[in-house]
């Protein structure tokens, strides 16, 4: 399965951001910004070169310490990982420039705010490590790197609501990763290996595997804020500094989703059943409806966006039932819709990452301009901040899933897979979610076009902030353009496109 | 009782400890207790790993789970220290010590 | 069973007796300072005897040296700790005066 | 001889269980401290005996580590709780 | 006979854990947690995991215990020290007796439906036990680890796993400690420490710290060096060195302000940075990341362990000092990081 050539790129993807993160520690606030920006640029460059190499070779591997699995750890840059790393790099570089400008223009931040740079570069390295790792325990360590630095970023504003939300997030993160680690312990005890590839060959149905599956799934769902374990997300993402909200909602929750997807597709197939897929799909559908409904009822812009994350993450869960074959379906027949479902998963991840980070960045601009993010802050936005209003519009369209945006492509593929697989009952949930999303997006846009009162404040905003938000919105809109190339790259290697074949004795009847 | 091997006794204990910690995280209200509960949960996980290591012992016990547990302990303590710092800061700023007033 | 083993058994049994005495004292004595007194005996003598017994049993000079260090260290530690605890108890609003009463609860 | 060592371990464990009662009942923090101190010592004795019983002399390193850190705990506790009353660590 | 030891230890640890979470006061919670740590260390010893026992004693019980005790200053009212407890507002006068009789976790306002929860917990325990006890024997990696020991540069298998086979994990773990430190600074005010210009004259603590500190240093170095041959190694040594720092700090020495800022920064990042850079340096020769030439592997690992131990010790000391000074935020400040 892994006949990719060995290369140093996977190692550099982790080492470069960490080198710069350590460098930033030595500077005071201003120097930290410049060294942090340098680190972001360097990491983006390395990501681009690594992805280019992966496209050329079809994928890359790196045996850490020169040891073969199961004794050593394998880093594996396959097409799926490459796409996620690309997403991280694009979001990361835009948010880095935004953050540089934002942290410099705000003077009421606590002194610790310049710790943003080391923490963010560590987070970036952790995310890259997570996407590359092919080892269950190494994934745990990477999850912890990501979790602790994410919470560290979340509490940078130093305000009590942010601290409270941060502590709740941290407790969920610790509990989730311990639950995951218990699953790892069971799998290691039963199969004597931690390597994903070896494990997928060795795994057998049975009580142990089922229990490990349940523990790891629940743990990762809690960390990804999947319904019904999403309770920590809105207060956390609603109270952070804008660049941090953007990073956490776009990237951090996707990390755990990526692991979940890999585990289900590569390891746990034998213990899954059609019913299990349906169950997790129902969670997804409920998340879509509930999250969108909550978003409609919020008063503060950042809370609308945060609740919308819960809903958009629900779409990702709805992919799982479509990947699991119903009893008596041939794999060859299923390839029709499994490929669409995988495309939907990847495109929903990408378009949500770009659109959501863009929205949070735009919300940050509005907070600077108006001093708050209540509904009144949006009034007459089109005239006052045309660029930001345009970014919100583009990102909102992509979230809603209107053609011809990236979000549209994701939702269209999801619908296509649902219909083709005969599981038509997911279609109403997708459509209802889109309508509700349209509701809050147009609520925001209506306010933006409404005439404002003259006493609405309009403080100056550095131009760089608005451009970063717009860049990401454009990205989320236009990722549909290279879709064909991206999908053909992804299809060159498993697990993309493959169906999950349930075994005997799975988790649900 | 003699049919039960050493590692099985500790495995059973690990299951109970994990559940205790999990219940504690959700049911306790004071930040402090929740943090201690995550540590107990972790202890359950580590106990199961070390038990497996003892089961797989040849000349010496399986070193891989031991290394995993040492790594895990350090990581868990770092996270717990951070959580404690957060809890204390919240307590200083607001006087709260549980989540009741939070939305 | 060799003579050394018998000596070890005797020493360790004596150590166990002191641990028992310390625990009983901890449970039964009326106030903090007498408990403190009981505990010091258990610490120093009990551990010392057990360590001596094990040193004879193991018959390994390197281990014996470590055991000796452990014991010396405990002496240092427990005397410091007991001093600090008693000072602490005294500083905390006159435990001496009412500790007996509190114990009746 | 092994059976004797196991018996000793069992006996010492039982004294730990008995000592727990003092932690539950208190009544003062100093009592709990004292019990923790006894636990530390008894635990060390158990480790020493176990290291003989299992033929694992490296367990003595665990005992040494425990020993040292038990002192630190007590020092920390006393220092921390009296810090409000005693002249503070030179900051003033 | 030995089975009874195990059963007693297992039961004791579970009882302590349950009791620790249901204890009526936080002070009791902390002391029961220490006792729990002790039984756990004995359990590791019984299972032949000496390295884990040292790590647990050093980090789990020692370092975290110190932090928990320090946190008690904030959370537990000071008079609890002398007068028996109850969390002030909590379940009323006879709190201790009440919960000894089995009243679980402070239910308070949102009284949870206890019976269903208890049933759910029992079912979950049974399920977990069932899953855990029926794990098939996967064989583990003992054999492979043993076969490759000669190629790892060290003689102790756990050290070989930590610093050679899976050194990437260990490296990230050193990083986690550093990240936690940075995150803790982010919670406070960016990492500043009160300047202490002179030593307090505590009649006992000062001489004790003078004797104990070098001993801690020596034992730490001893464990570090032993790591090559037998249980011990970087983390255990780090905690002992960190304990030395904490002890000196508590005795009133100006630990956090005696070195210039930049030295602290070097100290904190050296372990993580050099670990990575050495790996990268050998990678440039055509090997893999963290692959060391066999001839030098032993010495390189010792170097890395020493630096990692120093960094972690510095981080632990800084974390404790930060915690300790959290309580008195109005002290004179001098920028640290």
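To keep things simple, chains are lettered A, B, C, D and E as they appear, and every chain counts its residues starting from 1.
Operating definition for what follows: a residue touches a chain if its C-beta (ideal position, glycine included) is under 8 Å from a C-beta of that chain, and two chains touch if they have at least 3 such contacts.
Only a predicted model underlies this, so the values are computations on that prediction, with no experimental measurement involved.
Asks: Considering only chains that satisfy the touch condition with subunit B, which of them also satisfy it with subunit C?
Replies: Both-contact set = E.
Asks: By raw count of C-beta pairs in contact, what's the busiest chain pair here?
Replies: B-E
Asks: Which chain's centre, taken as the mean of its Cα atoms, is farthest from the centre of subunit E?
Replies: Following the centroid criterion, the farthest chain would be A.
Asks: Based on CA centres, what chain would you say lies at the far end from subunit B?
Replies: C
Asks: What whole-number Å value describes the gap between the mean CA coordinates of subunit C and subunit D?
Replies: 10
Asks: What whole-Å value do you get for the distance between subunit A and subunit D if each is reduced to the mean of its CA atoms?
Replies: 47
Asks: Which whole number of Å gives the spacing of the CA centres of subunit A and subunit E?
Replies: Result: the chain centres lie 31 Å from each other.
Asks: CA centre of subunit A versus CA centre of subunit B: separation in Å?
Replies: 28
Asks: Going by the contact rule already set, what residues in subunit C reach two or more other chains?
Replies: Within subunit C, residues 73, 76, 80, 84, 87, 89, 92, 95, 102, 105 contact more than one other chain.
Asks: Specify, in ascending order, the residues of subunit B that touch 2 or more different other chains.
Replies: Residue numbers touching two or more other chains: 18, 21-22, 31, 48, 52, 55-56, 64-65, 68, 71, 75, 78-80, 82, 86-87, 89.
Asks: Residues of subunit E touching 2+ other chains?
Replies: In subunit E, 2, 46, 48, 81-84, 96, 128, 131-132, 135, 138-141, 145, 165-166, 169, 173, 176, 179-180, 183, 187-188, 205, 208, 212, 215 touch at least two other chains.
Asks: Which chains touch, pair by pair?
Replies: By the stated definition, chains touch in these pairs: A-B, A-E, B-E, C-D, C-E, D-E.
Asks: Under the touch definition given earlier, write down the residues of subunit E that touch subunit B in their complex.
Replies: So the residues of subunit E touching subunit B come out as 2-3, 6-7, 10-11, 13-14, 17-18, 20-21, 26, 29, 33, 36, 40, 43-44, 46-49, 51-52, 55-56, 59-60, 63-64, 67-68, 71, 74-75, 87, 104-106, 108-110, 112, 117, 121, 124-125, 128-129, 131-133, 135, 137-143, 145-146, 157-158, 160-162, 165-166, 169-170, 173, 176-177, 179-180, 183-184, 187-188, 235, 312, 319, 322-323, 326, 329.
Asks: Over in the complex, which subunit A residues touch subunit E? Could you list them?
Replies: That would be residues 6, 8, 11, 15, 18-19, 22, 25-26, 62-67, 70-73, 110-115, 118-119, 122, 126, 129, 137-138, 141-142, 144-145, 148-149, 151-153, 155-156, 158, 163, 186, 188-193, 202, 204, 206-208, 210-212 of subunit A.
Asks: Quick check on the complex: what are the subunit E residues that touch subunit A?
Replies: It comes out as residues 127-128, 130-132, 134-136, 138-141, 144-145, 148, 164-169, 172-173, 175-176, 179-180, 182-183, 185-192, 262, 265, 268-269, 272-273, 276-277, 280, 283, 287-291, 337.
Asks: Spell out the part of subunit D that touches subunit E in their complex, as residue ranges.
Replies: So the residues of subunit D in touch with subunit E come to 3, 6-7, 9-10, 13-14, 16-17, 20, 23-30, 32-33, 35-36, 39-40, 43, 46-47, 50-51, 54, 56, 58-59, 61-62, 64-66, 68-69, 71-73, 75-77, 79-81, 83-84, 86-91.
Asks: What part of subunit E is in contact with subunit C in the complex they form?
Replies: Residues 79, 81-84, 96, 204-205, 208, 211-212, 215 of subunit E touch subunit C in their complex.
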